[in-house]
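Following this line, the structures themselves.
In the two complexes that follow, chain A is the common piece, with chain B as its partner first and chain C second.
For the complex of A and B:
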């Protein structure tokens, strides 16, 4: 274990929190439980892959991405049906296509001027397309990405987060935060290193 | 009585081989996969890349010739209005389907073995769709105006809208949605791995990767939304991939041509697409794992599973061939009966029997474990399947068209050199894109394989999971 120290200069700068790196998901989970048990609420974990169970320990709420996707999907379906009806009618205000009186009422293959069935493939595809946009861009929006700077990148082991280390941060925003106290607590939990991280 | 109890991890490994082999750690996984894109360009890569670029260039030259001269440079002519162009389009689109099956459907079924191959298979999907898109685009003859013919955009080019009751218009929406969603899914999977590469890079490279990874930092809150997005995308892609080849089959099934007008087409096309896609994945992966030294990540078990999928889909496709013949006979419709007798025994008999021997007979070797675990055998078999699935589309399209209802409208299709060189050219385009991918992007999903490794470690520590 490396020694953590408090360089004098650091005290002058804004602090983001105290970070500890662990070498396995099990140690991270154990440490997160201990930290939460001590009453800290502003705790964040940074890991190379999703760790199951960490959300409950850290009290991270369920993702509401599904609601965004449902809305986007409904928009896609509406857009598709509107598109088919409007382009068939030639009238941007009314949809006489539905009554077969549109500007382009061609009878093709003896089929009715409007029937629901042939509209389904395009409605389905646009529903999926807009839902997928919702899922991807909604996820990025909820995560606040792209965000090219974050204080965690100041942590000396930040480059190991995407490699093989599992990092726990007690943030300064926590009402119970005390740099020395947090450092001591984290050091007891078998970390690779514990460090102060600047804002 | 034999003692069947599993007493050691070694015994368990014999029953269910591990998906990550060779004493891998999180660190070694990062290293093994990242080094492929970080070290200098090997000479072998150039030896594969330069010919591929040349062949892709030939495709663009042929397409340029087509645009200048007209689509008469292809061999299509009345009564065979669709020939190699649509055959190649369906063939390429079908190949893409394995990528989505692996990334989405196997994800929903919790098939952990998908993680080593999903990135490359998804890349294959994108590149196959890019190759497929050339054909309908250039069959219009004027691709720069095709955007108004394909998509409902206000214009003074036609002064009319698309026919939304046409399966060809459905196909435009299906294929463009498929390409877009596949690209999004692929990018979402890439973000954490680009962050891994960023954290190992320095200088300009680190900046570029920093932008590309959107500043990903692996926070637990981010992972929660990320996993939800991944699950939703898998849930969306599953019906999407089934719909795409269903709609491709509607191009034929909704028409009234004997040999095309059958209700069996959607499931038959989807099974064939997955069949040919897995064959292409096996072709590419057997070469890639060997040349990139990834045998401990893309293991024999992965390859064996893919062989099983090929065997299963081959049986479905074979069953569909049989059903088609039976229904043609049982329908009592003389035109339908003629179309199918003509397929198997007419002037194109050789293509029909090439299809049957490649698609139905060849994969039967995968009943034997020796064949499912032998890399050279599966490589050769996968090439045969690729050929067989090309013939399947050729048989369906060309033999159904070449003898119209009136014998005065009978013909025989011969490809021109432009047909042949364009098709070979698309393979060059595909290989060019695939080689660029393995050179610049992580070929295996690093963060996903780490998740599998964590789980396998967990299993070995706690009673070897022998009860599952």
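For the complex of A and C:
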């Protein structure tokens, strides 16, 4: 084990948290459980691949993405129907399609100015389009992406997070955070290494 | 945190308990007796009606078995891991399909009661039917029916024996063999189900045609198949069978499939409807005008709401898919509405004024369903309830939806 006492230079800089690297997902899960049990809430894990059960252990709630998507989908459906009603028929609020006073009232193939049948594909497409936008951009927003800088890259073994190491960080933002206390706790959990990480 | 099962701590038995099995077998045998006795009585009372009711019942249950055949092939082709613990249920329903060779006989026997194109004196005066006589004639119809069942049976038995052989040998070569069969098999099965739908349902109104019709029918079959598997698994679970191996995460995925196929069915149904509506040709619109007459228009509306809108907004919710009671309700409803869908395809050709329910509808369905169920139950006992030798079993047991 290295770095159990703080180098002087680090103390002057802003601290992000204490990071510990583990050699297997099992050890990471066990450590995360122990850390959460000690009452820490601002805990983050960095792993080469998704680990089943880590969300439960870290207390990460179920994503709100679904709600964002359904709102976007509903917006798409409304937009499409409004567009069709306005171009084809007339005032979308009053819906007087029988007056034929829309923006572009055109009779096509002897069909009525407004009917549901040809409107469904347009409604469907716009619903799907805006749902997809909601899913992709909502995911970006919830994950805080794009992110050009993240303190975890100050961790000396950061490159191995995409390879073979499983890293757990107790962040400084945690109300119970105390650098020496956290280092001691993590060192008891059979890590490969424990380090302070700068902001 | 939930602890997930692995082979080491799944101590539950993958064999059916003898006492439970016998009790259920007796119930099914009794229902079978009841169903066929009812069919016999109905045949002598009103043979016309018997053939119609029987056709709907036969199609409903046969399509469930065909849906299972489709899904098992897709599971092998995609290498899906989530479905491994549920797959033996799919496979056992699938392998009942050779029974269709016998169960189709009443339809072949009742051909002159059901299909107007089977009367040569009628065809002789009809230019359109004369043009179609190369395909729509009694001999070809009978031969095709057996060819369809042969294709389905060969595929189903091949896949099933591969899977059960793997239980013992644990060798992946069986899996590879099934995958190799499934790729051309999927194409063959899709085409044959499509033409079977043309033969058995679309030709009830031989002037009308729709090329998408086969997919429409099969979409309903796939949906009913997932609903059936869900109901069977939940029933087994209530009796403490497979309660650990098929857990919440698998039910969540079955729910997703029900949702996806509900949307797919609606997509196909609407595609067919809109193109016909837009072209507005009398020989095409006749299909829908027949179904907007009298009380049939309420059935058409019921399909719109009951087969799409209500299940869509119900099943889209995560908490519904993860609530076994709600999932059971959805699956049972889907089974009912899929039957109504087939009823709506067949019966307006005969009951032109409106819906005319008949006791034979229920009895004929019961006869066919209980016969398939008997074969299913008989086969289920012969092998493990879970494909023990599958390379992805451990992965399936530990499956989690993130």
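One rule holds in what follows: the second predicted complex is superposed on the first by the 172 of 199 C-alpha atoms of A that agree within 3 Å, B and C clash if a C-alpha of one lies under 4 Å from a C-alpha of the other, contacts with A are read in each partner's own complex, and residues count from 1 in each chain.
Quick note on the criterion: contacts are C-beta pairs under 8 Å (C-beta built on N, C-alpha and C of every residue); 3 or more make two chains touch, one makes a residue touch a chain.
Given the structure is predicted, the values throughout are model-derived calculations rather than measurements.
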item: When chain B and chain C are modelled together on chain A, clash or fit; value: clash
item: First (chain B), second (chain C), both or neither touched by A:173; value: neither
item: Of chain B and chain C, the chain that contacts the larger number of chain A residues; value: B
item: First, second, both or neither for A:66, with chain B first and chain C second; value: both
item: Chain B versus chain C as contact partner of A:118, first or second or both or neither; value: both
item: First (chain B), second (chain C), both or neither touched by A:56; value: second
item: First, second, both or neither for A:74, with chain B first and chain C second; value: neither
item: Part of chain B, among the options 260-268, 404-412 or 422-430, whose backbone runs into chain C after overlay; value: 260-268
item: Chain A positions touched by chain B in one structure and by chain C in the second; value: 50, 55, 62, 66, 111, 118, 121
item: Residues of chain A touching chain B in the complex; value: 25, 44-51, 54-55, 58, 60, 62-63, 65-66, 69, 83-84, 87-88, 104, 106, 108, 111, 118-119, 121-122, 124-126, 128-129, 131-133, 135-136, 138-140, 142-143, 145-150, 152-153, 158-164
item: Residues of chain A that touch chain C when the two form their complex; value: 50, 52-53, 55-57, 62, 66, 70, 109-111, 117-118, 120-121
item: Complex interface listing, chain C residues touching chain A; value: 1-2, 4, 270, 273-274, 277-278, 280, 316, 318, 398, 400, 402
item: Residues of chain B that touch chain A when the two form their complex; value: 25-27, 30, 152, 160-165, 167, 169-170, 173-174, 177, 180-181, 184-185, 187-188, 192, 195-196, 198-200, 210-211, 214-229, 232-233, 236-237, 239-240, 243, 247, 250, 447-448, 450-451, 454
